[in-house]
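Step one of this worksheet: look at the structure below.
First chain written, first letter: the chains are A, B, C, D and E, and each begins at residue 1.
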Amino acid sequence: MSRIGVFTCHCGENIGATVDCAKVAEMCKDIPGVAYSVDYKYMCSDPGQRMMQEAIKEHKLDGVVVAACSPRMHEPTFRRAVANAGVNPYMCEMANLREHCSWVHEKGEATTHKAADLIRVLVEKIKHNEPLFPIKVPVTRTAMVIGGGVGGIQVALDIANGGHKVVLVEKSPSIGGHMSQLSETFPTLDCSQCILTPRMVEAAQHPNITLMTYSEVEKVDGFIGNFKVTVRKKARKLDEKLCTGCGLCIQKCPNKKISDEFNEGLGTRTAIYVPFPQAVPNKPVIDTLNCTFYKTGKCKVCEKLCPTGAIRFEQEDELVTLDIGAIVLATGFKLMKTDVFPEYGYGKSKDIIDGMQFERLASASGPTSGVMKRPSDGKEPETVVFIACSGSRDRSKGVPYCSKICCMYTAKHAMLYKHKVHSGKAYVFYMDIRAAGKDYDEFVRRAIEEDDVKYIRGRVSKIYEEDGKLVVMGADTLMGGEPVEIRADMVVLATAVQSNEGSEELAQTLHVSYDTYGFFAEAHPKLRPVETNTAGIFLAGACQAPRDIPETVAQASGAAAKVVGLFSNDELTREPIVAVVNRLPAPAYSHCVGCFLCLSACPYQAIEQEEIKSRSGEVIKTLARINPGLCQGCGTCVATCRTKAIDLQGFSNEQIYAELMTL
Amino acid sequence: MRIGYYPGCSLLGSSREFDESTRAVLKALGVELEQVPDWNCCGASSAHILNHELSLALPARILALAEQAGLTEILAPCAACSNRLLSAQQELEKHPELKAAIEKAIEMPYQGTVKIVNILEVLDRLKDRIAEKVKAPFTKHVASYYGCLLVRPPRVVNFDRPEDPQSMDLLLKAVGATPVEWPFKTECCGAAFSVTRTDIVAKLSGKLVKDAVNRGADAIVVACPMCHSNLDLRRAEINDYLQKEYAIPAMFITQVIGLALGLDPRDLGLHRHMVPVEFTETAGVQS
Amino acid sequence: MAEPFEPKITAFVCNWCTYAGADLTGTSRIKYQSNVRVLRVPCTGRIDYMMVLKALHKGADGIIVSGCHPNDCHYTSGNYHARRRWMVFKKMMEVMGVDMRRITFSWVSAAEGARWAQLVNEVTDQVRALGPYSEFRQIVGAGIE
Amino acid sequence: MANTYQLSRESLTSLFGALRKDGRRILAPVESDGRIGLGEVEAPAQVAGDYLQTIMSAKEVAFPKVERLLSYTITPGQVDLKDAEPKAAPTVLFGVRPCEAKAFGALDAVFNWDYRDKFFNARLEKLAVIGLSCTKADEACFCTSVGGGPADTAGSDILLTPVADGYLAEVLTEKGTAILNLASDLFKPGNGVDKVAVAAKVEAAFDQPALTAKLPGMFDSEVWVDQSLRCIGCGACAFVCPTCVCFDIQEEADPKQGERLRCWDSCGFHMFTLHASGHNPREVQSARWRQRIYHKFSYYPQRYDQLGCVGCGKCTRACPVDMNLKEHLTEAAGVTA
Amino acid sequence: MEALKQRAIELLEKGEVKAVLGYAKGTGQARRAFFARQPGQVDKLVLDEACTQNLAAYATKHEVKKLGRVAIVAPPATQRALIQLMAERQLRDGDLAILAVDEGAIKELGSAAALEEHLALKAQGLDAKDKTLLAKLDAMSREDRWAYWQNEFSRCMKCYACRNSCPMCYCEHCTMDCNRPQWVPVASHSIGNLEYHMVRTMHLAGRCVECGDCGRACPVGIPVHLLTISAEETVHELFGQRAGAKAKLDYALSTFKTDDKESFIR
């Protein structure tokens, strides 16, 4: 027989004025299993807690119901008090007499009875409570950051400076990401590479950071604190240790006409190349799809010329498996292509470009060395039209969300253009100007007021080529919908920011959720923005939603703080409110039949497969197992399980059934 | 193949040649047309701006009559008519309470089961047969002009793509024509101002005519009576406005196909055009 | 004269939204009828339909099932799973001839204290008007010799 | 003590009236949606016409599928226990087949073996059986193989056998005589009709005494495994069986009150012998199938000196996978040990 | 039929299977499941309209699994059951040789993929009788429907023939067997029967292959299959998913769409 103590709190007048607490305490004495029942003015006060602890000892109580305020308020308080009296804290439950009874009902018999009912339910529950113990999970103090853009670099640096090892994985040959492609940055117009390059170098030289460029995550097993990550190191066809980065191979490579990804197709590169001069690491890779040797079996010019003999044509991809404690995703974004807009001629005109292409045109390190030349004929464009929201906020053809960065970079582009072509005319078609941010609106105003950029609020319905010009037909909605026609030399579409190539596959590899658009889903939109719902995996930057640089960096530091926090203990302690698959003696082993219908019900990918083997190693039964490191205790699997093999500690079937039987 | 037919007012008036050529071509392709008995105006140009109930009742009556006649599908060659019929049908489906009110107004039951098709949809189904029967390939450069109503709003018409549609281009290719790359396929011709503001028509349609010629088209092909009357009937105003003499003819798609099938130009109503349908060396060229 | 009928209402609510919402009702001192008895579970995903059946078995005249609004689940998707379960459950109950006016499904967020009071009052009034669920109560204990 | 009478078809109405006047309810086979089951009737017209057997057996009249044994209420510091009183109304079971009437003997053997079961006996005491001989049989029937017959009198208080324009009525017991006395004018002197001639012909299929004798030596025979391979382990056979007596005791309670119920159970269920440890002495369906046969044909005779099967064939008809008992017993009887 | 027998003999002779599970003549006009374990027994196999049992129910039985690899005669509903069992990891691809029977023709399907492809071509329709009954139930007032099922369930004795005949009820420890706590009463009284049928229906929603075997199995003729079929149809209407279509798990009640449409949640 249980020995349960019931402690009814008056909460001053809060409960006491409406509920007859003395009577409730008296009524509770009659509940079978209740060994002690008392009421007190302020249960949560020091004397209150002390009284409770003494009663626990004196009456040898093994369970406690505190009838007071909401458990959301004081459950930790009373559980701690109970624990200090030597009873397992999970043997304490709270009946909510204040928020759910005295504050919401009128004084009277019915309210007092309800209060007693609320206690009765929990007394029956507690008879089925079991002592629970916090779950401890060991932690490997090495983080992996996936994506080497500005976000990834920031995460890596912050964690590394916090004293922990970081592996920074980047799929392209160099870290730097999109930011390295930008000309200047809003709202300060400082040179993007000038501020980024030092960070890149710092990351490369940091003793706690291991760079794995030209590498991709192939497989992730395990769980928080204990991931096993397999990374594919793609073959650079080069011995990185021998290569000095002298660049001779690049100069002499005969194959020079390859469209250059870094310059967004506006320039060319060689088959053996570094993406850009400031690349980190400054070691080339051979593009095997375009290399003459791989196509014809002849050439090998680079091999012949390499002063250190670093070229390795036979090099293969390498798979490396690493023990990792936490993972941060910082895989960034891509821009929607210009060819999805039929009304803009499917991007067939070379002079209709996207924002990133404009960055390259405006960049001093770009294909035109920063001189404004339009791609079709190299002429200086006299009139440039910028179209914001190309594909963004467009339910029919594009994406319904706002891409967030375009208002700002469009203003920047128009400004940069005007700075380079003083006589030029710049027009911006926009829907709304969303310039919320420090110095952002001022920046846009500057473009309009000081640099004389013509802002037209309206959409562009059509662009067509006529006599070497691009005729942009739009409407000015602030002029009553007046049609506007601009004969431009170049059009820049601020195309939508989209989730990066392969992000859905990566999400599946890591078992994190993603939204309809392929952006990774945060664990909570407001309160857990840098966590995913898979414990131990965090987010930074535009892989979660469109983000600009300052936000990305802020989020990166946030994610880094989460990782460093996680790494601050040898073990991870978690609430034992987790689901458990029951285990039984042979021959049943468990009520689980291994149908795995629960698998997709788990929001946390916490359900694993467990094989029961005979002594000879033969698989007798395959069961579900819930990883207590990943389970958050929602109980969705419990309700899904037909055989009731899964139960939720703290809210078990027996507990809830007992509560229901009391109603 | 047998199909219901709703000519609408324009096809009995200003665009008789659309009616004639539609009937002629479909007859040649073995399609029987059964006219909706006692049909009325669909309310196209004005009803929907003036009286919502009327704008639903007029098309509903036509559709109800078609149901009574046992028709499951009706062809409305006029783009405005088919657009109105579709809009009304969809709205009544979404709002059962409106449907009850409209049934009372038109004094007959309305189910909304009749499928409404435009001329391009019908011709598209017959494309193989057309290609087989081509006698005189129409080896001209053409600008296919869809106008506003055939493909828009996409949720209502649910036909072809709203930007850069293709169905007419493909039909024209099937009869030997070469469609030019043309950005103005769905630009407005100024339809509703055909009578009241011919200056706007001249400007809007002028742009179309000029660009079609610039891109080397020998003819502008249309599938809407409004478009046609603006491009044809208002050519004088257009030319005045542009200070040019554009002689490029505007033809209905049914006329082009009719010619390719070897039908008599008179049966296709070609003689009714204001801009003569002649393809001399200079026909499309500005003088 | 017999006592006026007071319905027995059982509510199953999730910890993070509706339970917190009901807490807010309390802190806002919004009054509602005292017929309801609340059972707290972590998430609507945990609410097994067996719980609803047992509540009916134990003589509930009305039942409230409530959790976080779609997209607000503390556990990201527990309420989406619950929603599907309820959609199928509701249809099953209808096929069986259960009076579904007695079971109310709802979303009440942690910020909707007033809404919780309104919901409880509405359900209580509605079930009071329907009277005791005698049809169901009659079968409890039936079929035993 | 059999006294044979003649009962006209029309006189049944009066007989029913007399029984009801005496305060007895009459249960007889009735039809509903093509299903024949026992139901309360007031007049012979309500009795199903041309039926072979009811789906369920008559045992539920004395041994219902769920019955309350006791109930209790819990109040502070106290438990009030109340024994259940069986609801035993005076009942006449009309028109059951001889096989089922005979089955009450098998039930009686168990419920009055070492302990007199209050509930069963209370109901049985108030029960009178007016049996009805079979004039037809089907492939499932095998009463004659297990010591019974289509016009067997065992278990009936009165046995009616349909003859040309009425029934041959054999009044067999005191309960039967009591019924006769309620309407003695309806029972005309018998005319010596040969009831065997009108009764159904059921050929004996196997030699039951020989089978019973050899069963102890066949425990490990493969025949049980072979036969039971298609058995799905449901309880249909046991629940329709007129002699199956296994039951489970269930407690249904909440913190305030509870009751103890006796419910039918079946040895075909895998849970039937499952131990709390997880061990199950009858782990496989073949062991459970064998148990069913052995219980009826080996253990029953040993313990009660009678068979636990009356050959009614209900199990065969009810079985969703066509486990034909007659066929399987015949096969087992043919196995050379 | 001859093709089936010939193939069965081949499979047994070559030792590819230990038994061929098909149908044989039973009591009277009935057909029953039959395990042909030697080539000589193959002659007993029959295949006709009366062969209705869903033999997939045997595929998960211990006793049957112990026999070794088995070939199974599978009409469409059985095929659906087998693929659903694969989706629920109760059978592995290739565990069974599947002799698919469609309108008399036999096709041996070696893999889950072949089975999927084969099934994709088939329209799944309900029995006319079931349709009528469902429509009848649908047209009833709620009170009448309640009365209808209460009357039907009053016959129920929880023999579990419906459960045990169901190919998807393979759980060794059924919810009905759970006694800590005893969610559903063991007793076959009114509430016990009602809750049993409710739970059975819910457990098969999204998993029922609509073979109707539960209804056929019921010794007292309760049309219990209508419950699971209507639940399965509900799932299909609401979520577009169907049990028995794919070998990869796609269980409607453990997946969701953020825009699942309902109109009753306040």
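By our rule, a contact is a pair of C-beta atoms (placed from the backbone, for glycine too) under 8 Å apart; a residue touches a chain by one contact, two chains touch by 3 or more.
Since the structure is predicted, the reported quantities are computational estimates derived from the model, not experimental observations.
Touching chain B and chain D at once are the following chains: A.
The chain with its Cα centre farthest from the Cα centre of chain C is B.
Comparing the CA-atom centres of all chains against that of chain D, the greatest distance is found for B. With C-E and A-D as the two chain pairs, more C-beta contacts join C-E. Separation between the centroids of chain B and chain E, computed from CA atoms only, is 56 Å.
Separation between the centroids of chain A and chain B, computed from CA atoms only, is 52 Å.
Chain C and chain D have CA centres that are 46 Å apart. Chain E has its Cα centroid 43 Å from the Cα centroid of chain A. Not a single residue position of chain B touches two or more of the other chains. Among the residues of chain E, those in touch with two or more other chains are 172, 183, 187-189, 192, 253-255, 258.
Residue positions 588, 601, 640, 653, 657, 661 of chain A are each in touch with at least two other chains. Counting only pairs that meet the touch rule, the chains in contact are A-B, A-C, A-D, A-E, C-D, C-E, D-E.
Touching chain A in their complex are the following residues of chain B: 154, 161-164, 183-184, 187, 211, 214.
If you check the complex, the residues on chain E that touch chain A are 88-90, 170-175, 178, 180-181, 183, 203, 249, 251, 253-255, 258. Residues 58, 143-145 of chain C touch chain D in their complex.
Touching chain E in their complex are the following residues of chain A: 516, 588, 591, 593-601, 622, 640, 642-645, 653-654, 657-658. Those residues of chain D that touch chain E in the shared complex are 33-35, 37, 55-56, 65-66, 138-140, 225, 228-230, 232-236, 238-240, 248, 250, 252, 261, 263-264, 266, 269-271, 284-286, 316-322, 324, 327.
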